[in-house]
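See below for the structure under consideration.
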């Protein structure tokens, strides 16, 4: 099987899962008590007005027609109209998306920068002090609720560093970049970094701990294999033995685990955003649950579900690319 | 089911691993505290001690050894004055009090009850849903496996916390259940049925007569996490159905249900037990997150206490700090226990979970 | 130190593993001389320390193992020049043990290289065979472009270089010429369509082809000494012969020295000039092929050879000898001949550990057995159950798992 064929197969599977996700959220509408008509019409509206609104929303159609309409709208990237504000759900969610992506990406990058070297050192110095320290750290990291960690970090920073922003987001990464390149003004960037720092650390801690654990045990397993001896025997510098051979092979299976664990990262983002008032789709979701705006809730669920599936397809593609056996066998 | 060899490897793992010992001791400690909270808690967990009289005001007391200085403005001799005062810890409030003047330690002890109940029952429920599902998929394979597991994949497309929030949102408006679980110790003490068998009788009698058990939240965490059990059970069933004894059972005409019950289920229990242990930790974290967000209908939980302490965290750091530490300790000890079981039973199992 | 044709002289080498169960004396007081350009065979049962000896020479012993004692003198006039005036030099010879780990690292591939038992697990599964061989070529190309062979700094290739190599092709470790050379090497070891096969991954090769590729990789640095640790054990019988022929051919062409480790006596008879028989971490008998095969003195050697009269009829595999290889655990190693509990000719003097004794005056043939000097008489024999009651159970307990657990250098 070639890489292309593998990807096509994987994409078809992904599409099926996405279809399921969409269908589940469609039926969510019928489970929820909130009534879109009452939400969108003034409280004193007469029955004709309500009837017209229901007609407009397609609520009088038989269910399969509603379902077909719903899917068609989705294919046109239309997530419906917010029950509370009457604005386009797609636009509202899209406006919130960059903040979450920035946060998730920053957390992932910080995690990798910390966890991979930590795991490598830990495996290399097995049963030495630094190994125990790293093991303790990763145990703590996977056992700490991140909302609490966020609060504690806020307190700690306030005491140690002094007043730096511990909530909200002034500029987006995009705006900061524009400021840097068009106006040669690095302040936007500094502002962006100082706001995202704590949330990213908070969100990244679980991931860092998990990745450290996986890297350590993977490295230990890999270092025991004969090819490592053979690679050393041919005179390759130790850096290359460790990184090009051992670490690379360690990370290949880890990639798939991380793909699944991205769910944890997104879930963590929801609550991290809440702690730090970060204006992403996570805190948005919690807000909408409070407002009971089910159209927006459905929209957010679809965006998260689809995003997760797409990321996993990308992860699988990376895995296939790095692991020749998947493709050639 | 628990063979001699198994017991042996459990014991030898425990002997060599300091971490396993620590985990086991902590777990027992937490269980004892949760069970006997009415005896052990120094104060009533929800009694507030707010008062205008500064002498009896017991709000925001620091933990023992953490006295601090503060200045407050109050009316002295008819005019406003700013006076420096030292807030001294009170020795009967070991971990201090919160803004409502509730004893933090007592609340943590009662909070342990909710965490333990939701964690254990949630994991059991998830096992009860996931294992039969996964066994069916893995045992029959092919089409059935494909369609069942594709369904499970859809569950995985939602991060557990997101799914849990959405489900709580749905249930909250339809039928959200909590159950008052009466406290047998307190009732016994109040009715004096056990008489002198209950030590500290009066103290226990003054404790809350029941605790609020969040039924819906327990259902939700199980609905969110059963998929992991399905995946593990499926993998086991796929391996076991290739075994000779299964083929032999088939050849003598045993029904599929019988084979699953008698052969496949017992042989796939080991990884399920390990996973269930790790999942208790994951569920405790999930429950605390839901309570923190205010999505649990009970307020005597660690997560809620963190939220409650958050606004005051800048000055009264301990109010949010203590319940968090309780969560960390509980989750760490369960994870240690899980590591121990895994190392002893089957090192190949991978655990997932966490918020 | 008179015989200048020796390329390697190992004196009193001790390699130990410090495991949870105790100290394992995997190589114990090992003395051996290997001549320039010969094929020297090492035979012995599984678990007798052959692989550990090989890894000690090439300096690949890892924790919990360590070489605790001994000297490894290697003939290398150019290195001796560089290190002159230090303890590590004696004439044309350098003591590898006295060199720094960095310096020894530079000898791997260029002076010593090694081929392993199982080619499939000795290649990295996720990198093409061509690239892996090119790495070996590149390591030596970089070493040779450097006038001083022990200058570790200029060969340094750090993490930053590697990371930059991902972006800048000029920073990549493996260069074009090395890749071309890798293809030449594949052709040299008889792999058809070498250019295409270089692009393939190890799992796309057959066992025999992959072992050829490993030989190609080992030849990349034109080593002085090639250590072959059971190079044919994992292969089919027909393929075995081809691989051995290839090794013999390459040896004649390049004149390199081969240290051939095997437990196949047929292989030894076919390939080797001289042989050392290993037991419990020691060389218990050594000499020319004729000495050892025609005139074995040590009862262990005799046992291995069975009752075979001459070279032509040598058995393919080691004859199983009753009893088990000792555990090599320090606290279980008695202060007597290690073989005594299995030896049909154990005598009273054998209760003291035998030194290496010359068998004849020519000096080549030596053995760690009193039979080199004394005749066996029934009068001196130990009672048959002398060891049976006291030691056998302990050994039977630990020994069976040793060979499988460690053979092939698995550390985990």
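In order of appearance the chains are A, B and C, and numbering begins at 1 in each one.
Here, contacts are C-beta pairs under 8 Å (C-beta built on N, C-alpha and C of every residue); 3 or more make two chains touch, one makes a residue touch a chain.
Please read all numbers here as calculations on a predicted model, not as lab measurements.
**Q** Look at the interfaces A-B and A-C and say which one is made up of more C-beta pairs in contact.
**A** By the number of C-beta pairs in contact, the winner is A-B.
**Q** With centres defined from CA atoms, tell me which chain sits nearest the overall protein centre.
**A** Taking the mean of C-alpha atoms per chain, the most central one is A.
**Q** Taking each chain's centre as the mean of its CA atoms, how far is chain B from chain C in angstrom?
**A** 57
**Q** Could you state the distance in Å from the CA-based centre of chain A to that of chain B?
**A** 25
**Q** Provide the C-alpha centroid distance between chain A and chain C, rounded to the nearest whole angstrom.
**A** Roughly 52 Å, centre to centre.
**Q** Which of the residues in chain C end up touching chain A in this complex?
**A** Those in contact with chain A are residues 55, 58, 60, 63, 105-110, 112-114, 116, 118, 121-127, 132, 135-136, 139-140, 143, 155-159, 161-162, 173, 201, 203-204, 214, 217-218, 220-221, 408-412.
**Q** Taking the touch rule as given, give the residues of chain A at its contact with chain B in the complex, in rising order.
**A** 13, 16-18, 20-21, 24, 28, 31-34, 139-140, 142-149, 151-152, 154-155, 158, 206, 210, 257, 260-261, 263-268, 270-271, 274-275, 285-286, 289, 292, 297, 301, 304-306, 308-309
**Q** Quick one: in the complex, what on chain B touches chain A?
**A** Those in contact with chain A are residues 150-151, 153-154, 156-162, 165-166, 168-170, 173-174, 281, 285, 288-289, 292-293, 295, 303, 306, 310, 313-314, 317, 320-321, 323-324, 327-328, 331-332, 335-336, 350, 352, 354-355.
**Q** Where on chain A is chain C touching in the complex?
**A** Listed in rising order, the residues of chain A that touch chain C are 126, 220-221, 223-227, 229-240, 243-245, 248-249, 252, 322-325, 328-329.
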